[in-house]
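Pasting a structure below so you can have a look.
All chains are identified by letter, namely A, B, C and D, in their written order; residue positions are counted from 1 within each chain.
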């Protein structure tokens, strides 16, 4: 490898897949191969693994390595990027995961800050991610911000600005926080040189006006985002909005059932991909809700099985 | 008057002006005439008075009536709309203010929910605004949502949906909350028939993709928003983004000094319009920061005096 | 009247009564006479009216005056104190209510800070209450702190300390916040000269160890608190704890049904005192839960009717 | 070992020590021996290690094992108990740490719930701690609740109630949350059979009235708590209160400098015990504040060096 190219960019539609578990609760890396095919068939170009929807924080370091390896191996020739999330409760684990991600050839790494002992300033947040990024110096690094989960309400743009002078492999941020002004500010840091990826499906169209062109999807609907992007670029705002409303509907279904990874796994089951249970302290969606969820997904035109 | 027309819409760039106080703390309705001229000269088409920036909640009922009257009177022939906010700590005051607003000929009224005893469901929130709206049945009614101030995190789209069948004069909502998904959902209620106004200057461009075309501005820069809107409609996204970044810069200056009404009054003072102090428990921006604020505003191209 | 005596103290068991409303939603001051008798019969020595449980913030200024007058008039010769809460959404209303309370002869007034525009420092909080206290200079003034309702998390001890040098009629605070350390700090201000009243029934015993001896009760069980106090003073900790557990049980019943004023009104109804509905945006406890609540209160030994 | 005795109880004054780090950031188990002597000399009877003040969540699993081993080894013959906190970001790590703690002979283990993916009900919280407790079946298990750090506001008493029927080695809870009612409710579960330890120094006296007699101290002042306890038991409330006020003063000094582990390490340095730096994302107290902190501690009568 070597130095990270200045103009490194993630491209296309990225999905944030769930992490398959066996019925005994162990991670199930064997499920990754099929999952990759499923995503590729749905026009997904890359994956952001082991983040929030991937239950990364619920897995041990060795489990995370095993899962990351499976994704890098299976995605080869099928997806253009595998971004491995290495954020953890403590910096030593994150450093270990960053080293490992680089060794196995992850396309990029991303890291959130710990949420039990929260960093109290942007400066110390940068010190933290600097040490993690330095553990994988030949791998593009993305800061991962998701305030409503972490409870960390630091200024992301300020973190990026401070970090840009100190982290040579910093290439941007994945922002799942819901406040547009934060996305706007972040997109302007260093004259817009850093790449912002938006982690909220239903904000993709508004984000396009800010020049943010890569979504990290809760869903797997790569084709939808490509149609939306095409319409926007052609100035056809009505079609773009229709696609976004469709994406939003999918998110709203979620709010009727259960949040986060448990929803992803339930929805995937409806679509014929069994990813097993979630891990405690999360809870699976109750079985008896499956028929209703299936109907809702069917009504949206998804290929329910 | 009579029935509110089905297709009633607020148009143009709306500003949320501060409420001028005398040095003894009394309201100063005499200042409204000049303020109206200032706004009109800056291509502002209408005003949303006595909301958050207008310190409505810090004024007594009789003070609010006096101020509302001044705006309606002075804006005549100069602004196309005066929206009077009637939200208060208790429903009786809101009802009285709504009746009064209709009597004096306000273009529309808006109402937030009380934030000490918070409504616990969308249903009871609708019961509340229904009684207020019914007190001004010939005046268009807008629900006002600003969760980060009120601490009320109910689902705005659901409130609008429930309300649309029960409040004949409901014509939309003014949303200052910062979550785009909420704006999106609200913009789709009743097939998009209700008018959403966005209360966050720097979200105007993203909101345009949702079909939200009327901002309620913290600033007074009507011309900026008109250029932005024109660029967006012409498909010139780069120009539109440049204008929005400019708007955002103005907001970011604020974060260096003081928040809310105190900032508006300090900034207006720099521009030659003295609106007096804010009312307790708010605090004025310290005097010694004025020169620095002046410089910042000057650097943004504003006509500082 | 004249100067407030240095050593003014509220004594005995204080209750925080609900405010009776008529079925049409108007205030019902006629209900106060019976309520006073009910409280006096239950060994209640005084009342804290128009605070949180009294729905003060949901009433207009004129309604609050009317209710305060009824309490002062009816409590004469029957209760030793009527503390009138004058906190409101805006300072002008609070000042007017303070003047009125003094005029009608309230034993003391109490004032919370506004919660929409929150004071951002202890210093400005003191400026605020200083103006309110100055409007009733011959009436003892108590600061009212209830952070989980107001969202104001300022340091109460610091407010009292700053205020003690500037508010001649300041005599203490009513603290309903649940953090013991805050109660401890406040009880030590000025060498313990200020009187702290605790607004959490089930914290009365622990508070006694801090020297806090006057509760403002959610319930009406004056006799229970007198037994508890007597046991504590006699060093009989087991009996004291048994009484407190009994008080806690009454609070825990509440959590099964509905919070705040709606619970008080429902419980009072079970005991034969009809106080009417609560005011929007609060909601009454659903009728169908009354039998179950009656049973629960009966099981605790209360004289359900 | 074998079954945990029904009547197992932690006794005396427990401290929550910091975890010493080397200047390169590695854990420094060599420092434990001196630390144990220091605590024993200050009438501390036992330790709660690797919890919040012990930065447990900032350490990797292998580091935590190393530190736990040092405490168990060095405390032998000097302290009556070593409670090892095994809470972690993911359940697998907690299970591994629980097994290890039992193997090395910890007196008891304690476990908090993960705070990134928060449990959403008391029932699932119990499922979680049940699996952890089952990994060390011959070791007394304590649930650890500290809501203002974890953001988990579940009902502790309800968790204990559910858990008591399902976790044979459950012996109580360590509660650092600041709400007295929660401590009261928890102290009454199973007729008071479970042991509650209070993690807030300045709430020890009020807690004594609830029958809670073991504090887990932020400080190391075992003698202070013994004097306090003795005074309380003798019915000498004035002396007890004086001691508690002294304890509170020590806590209040903290608020002038920095919070949590960084304060403990700075204060210990003033007392001649160098525990090294804290780990990112925490920050050390700035060096230049040391003289002022030393003076403050000296003023309280502590043996500053």
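As a convention for this text, a contact is a pair of C-beta atoms (placed from the backbone, for glycine too) under 8 Å apart; a residue touches a chain by one contact, two chains touch by 3 or more.
Please read all numbers here as calculations on a predicted model, not as lab measurements.
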Maximum centroid distance from subunit D, chain identifier (CA atoms): B
Rounded Å distance between subunit C and subunit D, as computed from the means of their C-alpha atoms: 36
Distance between the centres, which are taken as Cα means, of subunit D and subunit B, whole angstrom: 50
Chains that touch, pairwise: A-B, A-D, B-C, C-D
Subunit C contact footprint on subunit B (complex, rising order): 55, 57-61, 63, 88-93, 96, 113-121, 124-125, 127-128, 131, 149-151, 260, 279-283
Residue numbers on subunit C that touch subunit D, as the complex places them: 178-181, 184-185, 188, 200, 202-203, 205-211, 232, 235, 237, 240-241, 244-245, 248, 251-252
